[in-house]
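Next come two complexes built around chain A: one with chain B, the other with chain C.
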Partner chain A sequence: MTSTLPPPAAPTDTPAPPTAARRPRPRLGVGTWIAAALLGLVLLVAVIGPLIAPHDPTGVVGLPSRPPSGEHWGGTDSTGMDVFSRTLAGTRIDVAIAVFSTLLATALGIVVGLAVGMNESRRGPVGMAARGLSRLLDLLQAIPVVIIGLVVVSFFGTSTVTMILAIAVILMPIQARLTRTEVLRVRGDAYLDAARQAGQHELRVIVKHVLPNSVRPALLNVSVILGISIVLTAALGFLGVGLPPPTPEWGSMIAHGAGDAAVGKWWSAGFPAAALCITVASASVLTHRFTVNRVG
Partner chain B sequence: MPAPPRLRRLARAAVAVVALGLVATACADTGDSASGSGAARDTIVVVTGDQASNVVRDYGFTNGTDNQEVTNSIHAQLIRKPYIAEEGANVQVQDLYHFEPFLAQSYDVSPDGKVFTFHLRQGLKSQQGNELTADDVVWSFERKFSSKGGGMPGYYAPMLTDIDKQVVAVDKYTVTFTIDQPGYGFTLLGNLAENIGSIYDSTYLKQHATADDPYAIQWGVSSMMNGNSGFGPYMLQSVTPNQEIVMTANPNYVFGPLPIKTMIRRVVPDAATRANMLVRGDADVALDLRPSDQADLASNPDVFTPTASSNLYHSITLNTKQAPFDNRTVRQALAYAVPYDQIVKDVYHGRAYAYQHLLDDKQPYYDESTLPKYTYDPARAKALLAQAGITTPVSFTLTVSNASPSVQDSAVVLASAAKDAGFDVKINQVPAAQLFSDGLAGRLQANMGTGSAVTMSPPYELQLVTQPGGGSNLSFWSGPDYDAFAQVMKQGLASTDAIGPEAGPLWSKAEGMLADSAANIFVARVMSPYSLRADVHGYAQRTDRRIDYAAITAGGEQNS
Partner chain C sequence: MRLLRQRPAADPVGDRGLVQITGESLEKTFVVNRARHRAVAAVDVTIGSDRTIGVIGESGSGKSTLARMLSGLEQPDGGTLDYNGVPLGHHLASQTGRRDFRRAVQLVSQDVSSSFDPLRTLRDAVRTPAMVLCGLESAAADQRVDEVLETLQVSPAMADRRPHEVSGGGQRQRFAIARALVVRPRVLLCDEVVSALDVSVQGAVLNMLKDYVEQNRAGLFFVSHGIPATAFLVDELIVMQDGEIVERGSTDEIVDRPQHEYTRFLVAAARRSGRIEVVAS
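Here is the complex of A and B:
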């Protein structure tokens, strides 16, 4: 007869991981509700925008440079494409690039931040690699983000996927550094040593104990990253390295219409610019409400 | 804590002073341009999108309007094309088929059509005060052929290949050019009349030559202000990088004192701002305007926009070595998928005209009956594709320069219209230099852009886009059709006069073969992107579409 010993139980006196003290939930102001409604509208348009666009957003559907009218609510651009339809359709592209690049940047950032934070004080090649990676993150953050974007897009060409990759590469260091800082704070805590003494594998310790206690700043930062990502997508489009025409994308639409705006034909740049402002401002207000106020 | 009352009073006073200052500044006259005064002016302000950075043509061709206008203004040539009236135009144009003396007093041609003798004006001095001699002409051509950067051997091939033998100073004021075939003669004269035929002051440049730099090319490039080495109407007075270039009249100019003594060339990168400056009278000449801005300016009585024929073609080049355009039927189908009229009307706002071929239709003995009649006909395009057994949609990437808004817009219009004709067009925007290098390397399926021939000679124009290995041949057209075309070209070049009754029909025949191949689809001719204040007179549409500032006057009656 064989018997199996039960796995060693964790000592009962293992210190519990720290938890944030609960504070009374602050009341949400009108501005917050407006921002939330606008951002919700933007996300809704991102989903159904192309379906409700009154005209083909990539086709020439009217005379060029016509002001807003009943037929073309946002007027037409210099080629005769419908500005309102393109602004609606552009929401999906800009938001999709922003969301996916934010998710990718956050996921990569957390992994890199964990790896660096847990290993940079070690001796030997692993420690050296972690410290090298940490300096690389510093370097990436020191280079202007648009320059990194231009380089990545120049190497891999312009497509939705390369835009997502480019922006994720730009934003990843922010998330990685936030995570690393938290990892440095928690990695010496007693409950980690207790878990190790209980026989848990180092990877399990990291995933089960370090990750949950160090990921919160990066997750709170997601809304900031989302706003930056939308602006970056538009910035690359504005600089002419965004998605190729006639793809509706806010930045390239603004760049295309900027010359017309200077001679009074404001609409071809005005509508995408307004959409961009509303999206980024809403994200910014919500971020401020849920992060800065809470910290304070 | 609130500021003390005294501080508040001081702050208010400061704000008032700043506000008054701003108002006074806004109302002040800039003083450069005297537009609207009615009196003749001797200073004009030109607003340009870029700034000349290299006026040494033999160092290398530098794109950009300002480079070419400044270089043109510094230099002069042995002969030039006279200005003549054109039907339907509101300005004069250049006569492409005749030449008049410029630095030369006269020229004559030997009976066999192979020797061109130029008799120079005597006592004519350069910007540096040195007299023009035959040695200047010979040395100028030695310099042009000494450097590959300027591409001069290419421009002059096959007319001039051995400068030592072919360009000879007979005496102090006489120089001869000798060519192998009389058929090259017209193209040679055409080249000599353009900026690639500029004559330099060799006495001045030799003073700055070294063993390593025997033609003072590097010295010339080392500073823009070293560029005053010609016989042209204007010379550089000052260069402020990225701001302005001031040019002053050459006191030794061949045709005497110039009405415009000072030309201020101010850099204003945004086209709409340039248009606004012209409207406000802050500029006399605005370069490189957008067609839409020019269309808007048409109703402004204070602004004059030249309307005349142009040699700037807007075309699509198809790579005949890459699918799907390695199939002539697919190329021809695309030629029926181009919305020619829509591009002219909606993209160029009437500042272009439909023109579906390469050669000038006013050239002697021109016959357009050889040309296929391409129009926007999506049904015919689809029928051709079906006839060739091609599955639709036919997808391809059309590459355009990201520095050409009109071409970018045309690509969007084409992509939209070609859907109905069975084509799926993906647009790729790249920098102009990349488009050119990728095109020459054969990496592009198709590209759209604008271009023109330096010399409006039929054989030169036809060879420009077809010559194997040529710098403007991005279609790589070859095979039996090309061989037949080349044979016709050879017959034309062997004739005694390139614009005579024997050669003329041959050029038309060759052009018909080129159009039938559809390796190049010619969409339109684009008019000058310049507008002027209505009291600026004398503008003439040059072949190179640059302004001859020696012919300009300012002030007095307004153009209409």
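Here is the complex of A and C:
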């Protein structure tokens, strides 16, 4: 054993390699600005909608099935309730259900994705449970989402909380699978072993290193599932398992007014349908704009 | 989470007592696509702060798996693994035992590219063991980090960069070594630490490891493909093939008088490459 290898290299302090030049940030198009303005308007109406509604959104305020007029800007539905006021008031409920169900689905999805991804290749009961949970996520994604919603609402009844839970259950597997995929990529990286060698508890290794390195796709997907949850809320309402009347909710209003639309009284379903389209379309445009620029 | 923030009492000098890890009949099998692959089979090995041991063998011979088992990062499927006479699993089960073991035994991984969290600075990676295992406060840990980096001939200013901002595997490997040395381990396990480096950087890294071992009277378990680099550092050699130890002995014996056919093949290959003369006595 001799020391005849070359002497250590001289101290080095090489400058950081020049980082790749950032791509010039593309200009925001007119469509993006319009979508942002419309979504901003929707969120504003969600906050102050019931306050600025010209009529009581849950009461009979006029003759049934009257067309739009100066007294009733959106006309009245078949029971005499003001369509415009109900559309404004319904914004809060639909947006609230969408936002809370998206947050719940994302939080649960990230936790489940971390748990499954970190444990599914382990031996023993923990690994078996993780693999079972992974197959359950596959199963949940294979079942049509509306059916899951119908089952959850049938079991727990119809209320705002139930709707949030039902939609969160539907959307959670999407976020969980995105997170799991990233965890599978990250979990073999040597810096996790280095963190364990630094004496850190396994839970701390997951929270400090695995989570930050695997959560980005799920966070980027939040805007996508926000749009899906608005449509799902309306879909469950349209199928008659949404919030019961007279609670103003777009899906229920569309279902209730669909029969009138068939005989030419378009306004009962037309105004909530327009509000739904504007919200989902503007959210989709903004989602596309930002995810393409961030990921693409 | 309160428990997780507890730190041991500050002990910058560290325990200088004898440290020994003993593995008997160690076995490890991996299942890949439902096929069982025996990585390590019936291996007996003892490493400690008073020994420098090298392990050589071709890819897939079980060297890295053995090093990971001895570092406590991989659990053996069979056999016993003791740390200072007590089963290693008992040490790793408690926070105090885990930290005592981690402080005494550190592994430097072969994977330089993924050995640092891309979202954190290199200083954070090197400082964390000093804070968690040695109980140093942030300022003292930073000072320790700077000292170790200067020993390894790396400018401390580089530590404030993220991994992708440091060019060259050699620099990153020095930071990986610094992360292990910052706690002043009694036994250093090195898994192919120079394989991905060019020859000039290999020499510098090997000299740094040799200096640490000699100056701190620490033990070394050095895993490598190549005989020259291994023989430069260690007093004993282990030759592995297909998960089993086929030959072991002093470095001079193995290099000068290899007994097993596979060892002779490895030595002959190293001689043909002309590099074994660099380190031969």
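Just so we're on the same page, the second predicted complex is superposed on the first by the 270 of 296 C-alpha atoms of A that agree within 3 Å, B and C clash if a C-alpha of one lies under 4 Å from a C-alpha of the other, contacts with A are read in each partner's own complex, and residues count from 1 in each chain.
What we mean here is this: contacts are C-beta pairs under 8 Å (C-beta built on N, C-alpha and C of every residue); 3 or more make two chains touch, one makes a residue touch a chain.
Not measured: the values here are computed from a predicted model.
**Q** Counting residues of chain A in contact, which comes out ahead: chain B or chain C?
**A** Counting residues of chain A touched by each partner, the higher count goes to C.
**Q** Which partner does A:201 reach: the first (chain B), the second (chain C), both, or neither?
**A** A:201 contacts chain C only, not chain B.
**Q** Using the superposition on chain A described above, determine whether A:78 touches chain B (first), chain C (second), both, or neither.
**A** first
**Q** Just to be sure I read the superposition right, which of the two partners does A:29 touch: chain B = first, chain C = second, or both, or neither?
**A** Neither partner.
**Q** Have a look at where A:263 lands relative to chain B and chain C in the superposition and call it first, second, both or neither.
**A** Touch partner of A:263: chain B, not chain C.
**Q** Just checking: does A:190 make contact with chain B only, chain C only, both, or neither of them? Give me first, second, both or neither.
**A** second
**Q** For A:127, using the defined touch cut-off, is the partner it touches chain B, chain C, both, or neither? Pick first, second, both or neither.
**A** Neither: A:127 stays clear of chain B and chain C.
**Q** One more residue to check, A:63. First (chain B), second (chain C), both or neither?
**A** first
**Q** Quick one: classify A:209 as touching chain B (first), chain C (second), both or neither.
**A** The answer is second: A:209 touches chain C but not chain B.
**Q** How about chain A: which of its residues touch chain C in the complex?
**A** 1-14, 16-17, 19, 188-191, 193-201, 203-204, 209, 212-213
**Q** Chain B touches which residues of chain A in the complex?
**A** 58-60, 63-65, 78-81, 240, 244-246, 256, 259-260, 262-263
**Q** Can you list the residues on chain C that touch chain A in the complex?
**A** Residues 3-4, 71, 73, 95, 98-99, 102-103, 106-107, 109, 111, 114-119, 125, 128-129, 132-133, 153-155, 157-158, 161, 165-168, 171, 176, 179-180, 200-204, 206-208, 210, 231-235, 251-252, 278-281 of chain C touch chain A in their complex.
**Q** Which of the residues in chain B come into contact with chain A in the complex?
**A** Within the complex, chain B contacts chain A at residues 270-273, 275-276, 290, 292-293, 296, 342, 346-347, 349, 402, 405, 408-409, 411-413, 415-417, 419, 426-429.
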